[in-house]
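So that you can tell them apart, the chains are marked A, B and C in the order they are listed, and the count of residues begins at 1 in each.
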Amino acid sequence: MNTVLRIAGVTKRFGAAAAVDGVTLDVRENEFLALLGASGCGKTTLLRIMAGLEQPDAGQVFIDGKDVTATPPYARPVNMMFQSYALFPHMTVAANIAFGLKQDGLQGDALAARVKEALGAVELDGLGERKPHQLSGGQRQRVALARCIAKRPRVLLLDEPMAALDKHLRERTQMELKALRARLGITFIVVTHDQDEAMAMADRVAVMEAGRVLQIDTPLALYERPANARVARFFGNINLWTSSSKTMALRPERIRISHAPLTDGVSGTIENVVYLGTATTCFVKTAAGQTLRVSVPHAEGAQAFNQGDAVHLSWPASAVMELPE
Amino acid sequence: MQLRRPLPIVALAVKIGYEVMGFIVEGDTMIRRHFCLAVAACAALISVSVHAAEEKVLNLYIWSDYLAPDTIANFTKKTGIKVNVDVFDSSETLEAKLLAGKSGYDVVVPNGPILKRFIAADVLRTLDKSKLPHLNTQDPAITARAAGADAGNAHSIIYMWGTSGIGYNVAKVKAALGKDAPVDSWKLILDPANAAKLSKCKLYVFDAASDIFEFTLSYMGKDPHSTVAKDYEDAGALWQKVRPSITKFHNSEHISALANGDICVATGYSGDIFQARDRAEEAKKGVEIAYSIPQEGAVMWFDFMAIPKDAPHPDAAHAFLDYILMPEVIGPITNEVYYANANTKAKPFTEKEVLEDETVYPGPDMMKKLFPENTPAQDIERLRTRIWNRVKSGN
Amino acid sequence: MTRRAAVLALPWLWAALFLLLPLALVLKISFAEAQVSVPPYSDFFERLDGAIVGVKTTFANYQLLFSDSLYVRAYFSSSWIAFVSTLLTLLLGYPMAYAIARAPAQRRNLLLVLIILPFWTSFLVRIYAWMGLLRPTGIINTALQSLGMIDAPLQLLNTSGAVYLGIVYAYLPFMVLPLYARLEKLDGALLEAAADLGAKPWQVFLHVTLPLSLPGVLAGCLLVFIPAVGEFVIPDLLGGADTLMIGKVLWAEFFSNRDWPMSAAVTMVLLVVLVAPIMLFQALQPRTDQRP
């Protein structure tokens, strides 16, 4: 697959602290990439460097093989959807969308057609004459999206696109974004701090911490084969412990739990039970004094486990991963 | 916001304020005055308005720098009356304040036309001549000339008098018009050819119509107090020809402009030009300013002292007027302010240099050519104002 | 009366006492005739044995005001001078306000103080200082002459240019402060979004910054224009024989002519002249301020 955008050894410092620290990253044509990390990890700075809104202190940015490091934002074939949406409050929805197209020299019927098309793509037909403050939050997000995709950029950058949405809207919007990407054939790069969101939408996820990319891979691979303990920890819900100065990891759903004794099992007591919809998580304190998280699907009789029960746990040896720190 | 019937506490507050501010802002009478008014207003608010038998206080409203340095101190020493001096910077301010009513002043210093209007508007007290034993020092030859404003000292005494003529920069006028420049004639300004030559080194004239028409009519050979509308139209037409050469119409800016050497000719009151002359001398930049009373005749103006009808301290006011009438008081004031007084007995107290200065005390020939300033009837006044406004706005 | 009503009544009481009442008095005087008396105008009421039996008004002042070209020209000339000065103030003030709003936060306060600093000295003193600079023997002319750039002093003082200079100088802070307040609030993301969508810096300014700062522009322009129309001190001290402004006419009517009714009429008409731009401002305000 072609590389559409390449980040090569990019570093950006604010004062003494490096927000982005020697990042190298290839973004493939037509993929949906998520930059995932806690706040302050440098993901938004990296996105802004791609857009040209920040100048890196070192390294280069290539788009379609061309060095655009020194190219100002208005001359780059990328567009960014801002976290606050940054809709122009003094313009109508249609004028907001037309703004970027006019900079490309479009006018008259061609301009009107493209605006209409973009409004249609985000299902906002007929709302072109509204002002941004007359729209709901979800509608505003769609206008911001339409304003970007109308330009037909090589890469669309989305900064925390769901941050301002209600929870119930998020999942739907995630699916819609995914479908939209597929339909338009544009590369999407989304910045998010929510691993579920990243997993749900992205083809690949780049996990970032302290200005560096820890791992970049498909959601499945990240989950199943985290490159190190920090990545594993980021996805949470994993049991980690140290054994002879090595970090061991074990997924909660790989543990079997039973009231009856098991072969090669360890015994323990249920300290806490948390009901989570599709499964129940039991926190079991083993005889060795370690607390393990165990996920029990409801289909497998999770209701039978209560706080204070004496239980037995077992897992296949292959389920335990040894991770570097 | 006026100082009315100041009780001792108010007077004291004003005095303290005046001294404190005087210490801080030496010589800035404007700031001190505002401060005093503010202090007075505050004090008046907190004090109860009880009017006892007349207090030993006098509120004087006078031009700035118009007394000798010890005039007030000596009066207070002599009579025990404290004097609050408030100063104005234009006759118009004085007139507007008094006509608005209840000014709170005991003695004011109006010029002739304003005095005449004050009398007509009935804002002045008739003088009680029994309280003015020195009234006989007023020169009958001078009071006769001021009779148009106030005959027989009924409402006023003459404080000072002077003329209204031409101030000029000696070197600049010579450069512009040669050594035979007609500096002793209104031709210097009113001959358009001269004015055009002077415009390069700049020419200021009076801003107010009341200062313009009398000398213009006199220059044209007409009665300076003409009641014929056509005369005023003709005077206006003459000024229209001179108008393009005039840099500015203003009644006070010419003082510093002359002193700085920025302009070469200005119409002005004698005392103002003398002030410019003195300032130029002090600056020692080689600027020499002179004053002349033009041959064709000029306005002889008077400053009077009078007592407003609602003066809170009329007895103190009479005492002050009588004090001013004393030769040994007025003589030193003339030495200080360089204006002529109307006192027949003041010569021994007046410096020879001043007495012999013909621009202060004009000789008999010139005296014949001077005419008092006069307030015309309302219709003529409106007419000349309109004509002058048209001249000023170049239309 | 509830406390809330009392608080709400306060601004109305203030306006009635210190705005409407004096205005009514001025209006009343404008219908009187000038006369030599205390106060120097005719009584508004007709009285018979102390009882008011009617009102006595004249429209002569207004008739004269509109028939004598002097007043009409003075209004136009004042409005024109105020308009040009406002425009110049805007052209100078906008970049200043923009620069301050974009300066690092810790330096903004210092810059704002520098803008306001001249207010700490007397207005009159500052205008006199300009006279000292502009005089034929003043600092500017002396410097240019000693550098050999000019032979004779330039006529700087007593010109229309000096009046514009004085007004721009004196009123600049009134332009900069509302503009700054507006520009400082401007969301930086909007400018980035515009750039991201392909707008060059000048296009960003023209299509985003300028329209969004328009309420600040209007407020600043009104704060400069309205006092500039009635300005008296600056044209009096810096202007020349050709400078005709309504403030000077008003002064002459009131002080030189002692015609209080005429000056009251001039004031009332001036008020109408000034209310027009305020109404325009009110009309434009809701359309430009679209932030929820």
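Throughout what follows, contacts are C-beta pairs under 8 Å (C-beta built on N, C-alpha and C of every residue); 3 or more make two chains touch, one makes a residue touch a chain.
All values derive from a computational prediction rather than experimental measurement.
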Number of steps on the shortest touching-chain route linking chain A and chain B: 2
Pair of chains joined by more contacts [C-beta pairs], A-C or B-C: B-C
Centroid spacing, where centroids are CA-atom means, of chain A and chain B in whole angstrom: 87
Whole-Å gap between the CA centroids of chain B and chain C: 34
Chain centre separation in whole Å, for chain C relative to chain A (CA means): 56
Complex contacts: residues of chain C adjacent to chain B: 34, 36-40, 68-70, 73-74, 135-138, 157-158, 236-237, 239-242, 244, 249, 252, 254-258
Sites on chain C touched by chain A in the complex: 187, 189-190, 192-200, 203, 207-208, 211-212, 288, 290-292
Chain C-facing residues of chain B, complex: 90, 92-93, 95-96, 98-101, 117, 120-123, 202, 207-210, 243, 246-250, 253, 257, 260-263, 378, 381-382, 385-386, 389-390, 392-395
Touching residues on chain A, where the partner in the complex is chain C: 51-53, 72-75, 78-80, 82, 84, 86, 88-90, 99-100, 103-104, 131-133, 147-148, 151
